[in-house]
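Order as written gives the chain letters A, B, C and D; numbering starts at 1 within each chain.
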Amino acid sequence: MAGNTIGKIYSLRSFGESHGKAIGGVIDGCPAGLRLEEDDIQRELDRRRPGASPLVSPRREPDRVEILSGLFRGVTTGMSVGFIVYNRDARSEAYDALEHLYRPSHADCAWQAKYGIRDHRGGGRSSAREHVARVVAGAIAKQFLRLEGISVHACTARVGHVQIEQDHPTLPCPPGSAIGCPDPLKEAEMVELIREVSRAGDSIGAIVAGVIRGVPPGAGEPVFDRFQARLAHYMMSINAAKGFEYGEGFRAAAMKGSEHNDPLRASSRGVIPVTNHAGGILGGVTSGEEITFRVAFKPVPTIALPQQTVTTSGEDVELTATGRHDPCVVPRVLPVVEAMAAMLTLDMMLESNLYPPT
Amino acid sequence: MAGNTIGKIYSLRSFGESHGKAIGGVIDGCPAGLRLEEDDIQRELDRRRPGASPLVSPRREPDRVEILSGLFRGVTTGMSVGFIVYNRDARSEAYDALEHLYRPSHADCAWQAKYGIRDHRGGGRSSAREHVARVVAGAIAKQFLRLEGISVHACTARVGHVQIEQDHPTLPCPPGSAIGCPDPLKEAEMVELIREVSRAGDSIGAIVAGVIRGVPPGAGEPVFDRFQARLAHYMMSINAAKGFEYGEGFRAAAMKGSEHNDPLRASSRGVIPVTNHAGGILGGVTSGEEITFRVAFKPVPTIALPQQTVTTSGEDVELTATGRHDPCVVPRVLPVVEAMAAMLTLDMMLESNLYPPT
Amino acid sequence: MAGNTIGKIYSLRSFGESHGKAIGGVIDGCPAGLRLEEDDIQRELDRRRPGASPLVSPRREPDRVEILSGLFRGVTTGMSVGFIVYNRDARSEAYDALEHLYRPSHADCAWQAKYGIRDHRGGGRSSAREHVARVVAGAIAKQFLRLEGISVHACTARVGHVQIEQDHPTLPCPPGSAIGCPDPLKEAEMVELIREVSRAGDSIGAIVAGVIRGVPPGAGEPVFDRFQARLAHYMMSINAAKGFEYGEGFRAAAMKGSEHNDPLRASSRGVIPVTNHAGGILGGVTSGEEITFRVAFKPVPTIALPQQTVTTSGEDVELTATGRHDPCVVPRVLPVVEAMAAMLTLDMMLESNLYPPT
Amino acid sequence: MAGNTIGKIYSLRSFGESHGKAIGGVIDGCPAGLRLEEDDIQRELDRRRPGASPLVSPRREPDRVEILSGLFRGVTTGMSVGFIVYNRDARSEAYDALEHLYRPSHADCAWQAKYGIRDHRGGGRSSAREHVARVVAGAIAKQFLRLEGISVHACTARVGHVQIEQDHPTLPCPPGSAIGCPDPLKEAEMVELIREVSRAGDSIGAIVAGVIRGVPPGAGEPVFDRFQARLAHYMMSINAAKGFEYGEGFRAAAMKGSEHNDPLRASSRGVIPVTNHAGGILGGVTSGEEITFRVAFKPVPTIALPQQTVTTSGEDVELTATGRHDPCVVPRVLPVVEAMAAMLTLDMMLESNLYPPT
């Protein structure tokens, strides 16, 4: 109930603070019989690792994952999978100044009210560093899905005012992409914008587009556990997420039924829609088409510009933040979005008896 | 697991098909000691009732709710609350033609693939008629919340291309409003647009804006069960919902941190934000400010215009739908949005030990 | 969380008080495609019905079940199954005297402390009349299990000091058995004992033995959700249950490993144990052998003899109970034990991917 | 769903195999504000540690626990608590001979059937070594309970044919007790019996009696989540448990209502029962009296005597087990029983809004 657990069958429970000893978790519901590739998990972690480019936080964390259980000679046994990633470069002293004040648009004040105690070092558990556990559990989910030909991909669709064409978001990114945008010209603009706001001590919002390919028809449960409802839950649990849509999303509000409906036609692989305005889900259940969705993120709240705030003893002060942070959630949030989509997809396939395939 | 249950403490499990005997449910987790006003429940049902205006389906259902348990002399006892609303005006014969074909952009085809069987009469359980149970459980939740001075309100913010100013959505509606839009001039345009698409045999999408007022700080659980994540889940489980956002939502993607951050200041009622771009939630936990959100809905998929589709035996055909339906989800979806918001708010307050207040 | 729901996949949520309008429930997780035999459900209800013999309560309830949803032309659709059994012969006036005092060894006093309110009429929801909903959900589970050759059987193994031989409990009962005891001579003694205590205004305890046959190997989840742990939960949730054991149960405490261990041998149907001291479960997982268990029940606490008790205003008084009740939980608890065992078995098979068989 | 998680609010998810890298877990739902005493946790682990006496396994594990998260300056923050206990003295080579055969009355064969793969080293996750995680989570629960004056105590009530008087089980043990039996004379007999079966290469069963003191009235949820039903679940999830009873337990089957009912009387602390045959729970809810229960354990299945068994390739063979093991579950299971009782009590108090006290 306390919110550190997600998933019904393939389920992650995580722990760890930004400046604590370690981030880790326990995955329950891992099907038996998969040869787990630890390199693949590490590759996903590396995508999210800080210190990897001038666009992201300079904190230097190796982020090496250690699997502690659930494997026998490299193969999953059906037992719970414990894992741990030790924190190595936590510089808590940089946060000493924050112990006695509340950062605007951070969890600080609300958590203090809720718990009466708060770990101010690097934001404690409210830091996006908890995403590390999600990426590990998502990387394992991806390996299960890959066996069935299912893939998950996220790209940067918008940074500030720079956005790609609506129709591009699910295209592959060119090799060497800095922030995972499928349109190289737009990406250059986005990178420049991120550098600019960073130099100005500011931050900027973004939109991530995702696609899940290869999911068979029938995943999802009618009424309250529709695929899209649980996908929204998973995505909106990511730090800084402010909005979720799938298929045509908010644009559907401006459309007529005759425009938005997807006509059906018979084909050799059964009944298929001519278009996919629906985004791959009907009646809460996957249709077999691509599942498309977008997630909006606010600008990272930690900025270097001076801000008006209040101390824990109730005095108005001006804050000029230090500490290491990203000016934009992209590119580091992309593997997190993918991880959450992968976990949800595997979980709903298990729940709907679609995994393992019979 | 099968998706007909929502909520952890204040929890609804519902049943019923559009043309079955009844819609109903069992609410578990109703706190003891509330004098339940059945009239208030009925009033909410009446807001969603078909046949009430020329803008909505002409199906004539009295939608009388009967509470079957959990009350002693009108007061809740802490026991589960069973309730039932009998279906009275189901005209299944109008759907006979639909038994052997799949309606585009409906659940038909996906559910057939999933279950191998499907109740085609009025869409069975995929019909928005299941919302009746939500409205009942939400109306009861509202009564609990009202005791603590908490209110939930939803209004129509957009129909097709007609939208109110961004800053209005949480204003009260004028008395006699036809579709719950706070701006009378815009409402007139919206109503005209709905009539127009209805005459043309078409339908139109919409956006609903909601606000939850009076929630104390501290509701919501960090990491995976953030208030916004579960609110997104609740909203995206409503029929025809395509998108969810809270606070600045998708607009936050175009904002800088220095614009989006809410400065804090000391006040007689504690630390408060100068602005509320955050939408009332920080670190997954309510801040004590208004919780603002918006939900996008697709155009109702049932239209009278001819559409290309496929029979259950795999032949391409043209469908011209009959049956009774709404041209737009508003106004009937408004009490459903409110019901879901009320249920979630009560549930998270119970989970976070904020209800009953100590 | 409030305790009116049981099961993870095949799950019952029930409602209803002894003297309320109805008993009912909603079953979620019913697999699609089963032709449901309502007569079979009714037959199970009839086994539990009051008024059927001189050994049981004279309350006359027809206990007719009505299925409200989840069926299409008699076949389950995978949707939630709502059902209702109206109360017809509730004579609340007989309980008027009990409004202002607490019955010894009943829920009265504890519930009053917990909720601050209590439905005293027939014990409200603490009455064994809530078992009606269990029997309905169990009868449906039995139909699913029967398709796979799985059966559940419960018999009376002890009433007061009269008990059958340890080795008999899973034998079939002879036709016409009054209280479901497989040994006709012992049954005659038991019946005489029940009559005797009944005449004396007293009541008597009992032990029920159960067996689940035909469960394939592999149902149950290691560590916390072992088959026996969840079976214990299900059984100990029955009114008046005081103890649970499986296999050798408490007798195992007096045995040596060399006596209790079941040697293994190779056979044409795989590895099988020579004996079944284990009771069909190893490492929390079904072994493929018969699952044997026993449940102890206290004497029914409602007795006609005078008892010392206290009024709600705190005065010591003597209570001489009226109202209609059974002198012993058998025979009416037998279908309840079977129902709980059937629900648990189906649920764990669904959870362990053993149902439907592939 | 996969069974490695227990508890609704105060909830443990554990991981780890007997011969893997570590045993550990994540506790969710730890209330904020408790100064956690790591020494107290270690003391509980030491009670369960192997190698501590000639009566238990000679495996030498320091069993040092490391708390990884959820604390700020030694005080719980409300965040999830990760912990780890590294395995140090796993001698897997002793188990090489067991890779290709199934040990009688162990999980081996059932788990192989279920998962198609199995970690044979020390029994993998089916080993009682997983109890380490329970003891850690239970020790933390005990600290929360202690603040409210609630204590949990378990003692040895029976070993083989040697048993204490029925009325003694909840008495304190004398200092220096070898196996936690409150009756020194009986304990001497029990110890001698354990030594004897151990010398003979055999093992012996036992019964543990427990008492939970100081729980206020009102913990527990009616119908399916009665306190006793969930306590039975917790206890029957312990390795080797075969039976559970509370209050009079199985003896209640032989009693009359007039003997078993607990008369009530008015007292300065409210309505109280004159006797406590009920075992502290009525209507599924704690009454405020002592909660008494007993758990039966089978003899440890690993014995040195030759046994008939089968290889993984289906040949009948004789097994003479090696490896290090206990001849009886007591005394090492006592802190496990206490841990499970403490976790359940805290969880149900949280669920019933009795913790923290208002």
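Here is the rule we use: contacts are C-beta pairs under 8 Å (C-beta built on N, C-alpha and C of every residue); 3 or more make two chains touch, one makes a residue touch a chain.
These numbers were taken from a predicted model, which means no experiment stands behind them.
Undergrad: Hey, what chains does subunit C share as contacts with subunit D?
TA: For subunit C paired with subunit D, the chains in contact with each are A, B, in label order.
Undergrad: Select the chain at the greatest separation from subunit B, using centres from the mean of Cα atoms.
TA: The chain lying farthest from subunit B is D.
Undergrad: Express in whole angstrom the distance between the two chain centres, defined as the mean CA positions of subunit B and subunit C.
TA: Chain centroid spacing, subunit B to subunit C, equals 39 Å.
Undergrad: CA centre of subunit A versus CA centre of subunit C: separation in Å?
TA: Roughly 46 Å, centre to centre.
Undergrad: Where in subunit C do residues touch two or more of the other chains?
TA: Residues 1-5, 8, 14, 79-80, 114, 125, 222-223 of subunit C touch two or more partner chains.
Undergrad: Over in the complex, which subunit C residues touch subunit B? Could you list them?
TA: Within the complex, subunit C contacts subunit B at residues 1-5, 8-9, 11, 13-17, 20-22, 24-26, 28-30, 32-33, 66, 68-70, 72, 75-82, 84, 114-119, 124-125.
Undergrad: Can you name the residues of subunit B that touch subunit D in the complex?
TA: Contact set of subunit B toward subunit D: 79-80, 222-223, 353, 358.
Undergrad: List the residues on subunit B that touch subunit A in their complex, please.
TA: Listed in rising order, the residues of subunit B that touch subunit A are 1-6, 8, 14, 102, 104-111, 113-114, 125-126, 130, 158-161, 197, 202-207, 217-218, 220-226, 228-237, 241-250, 252-266, 270-271, 273-274, 277-279, 281-288, 296-303, 305, 307-310, 314-316, 351-352.
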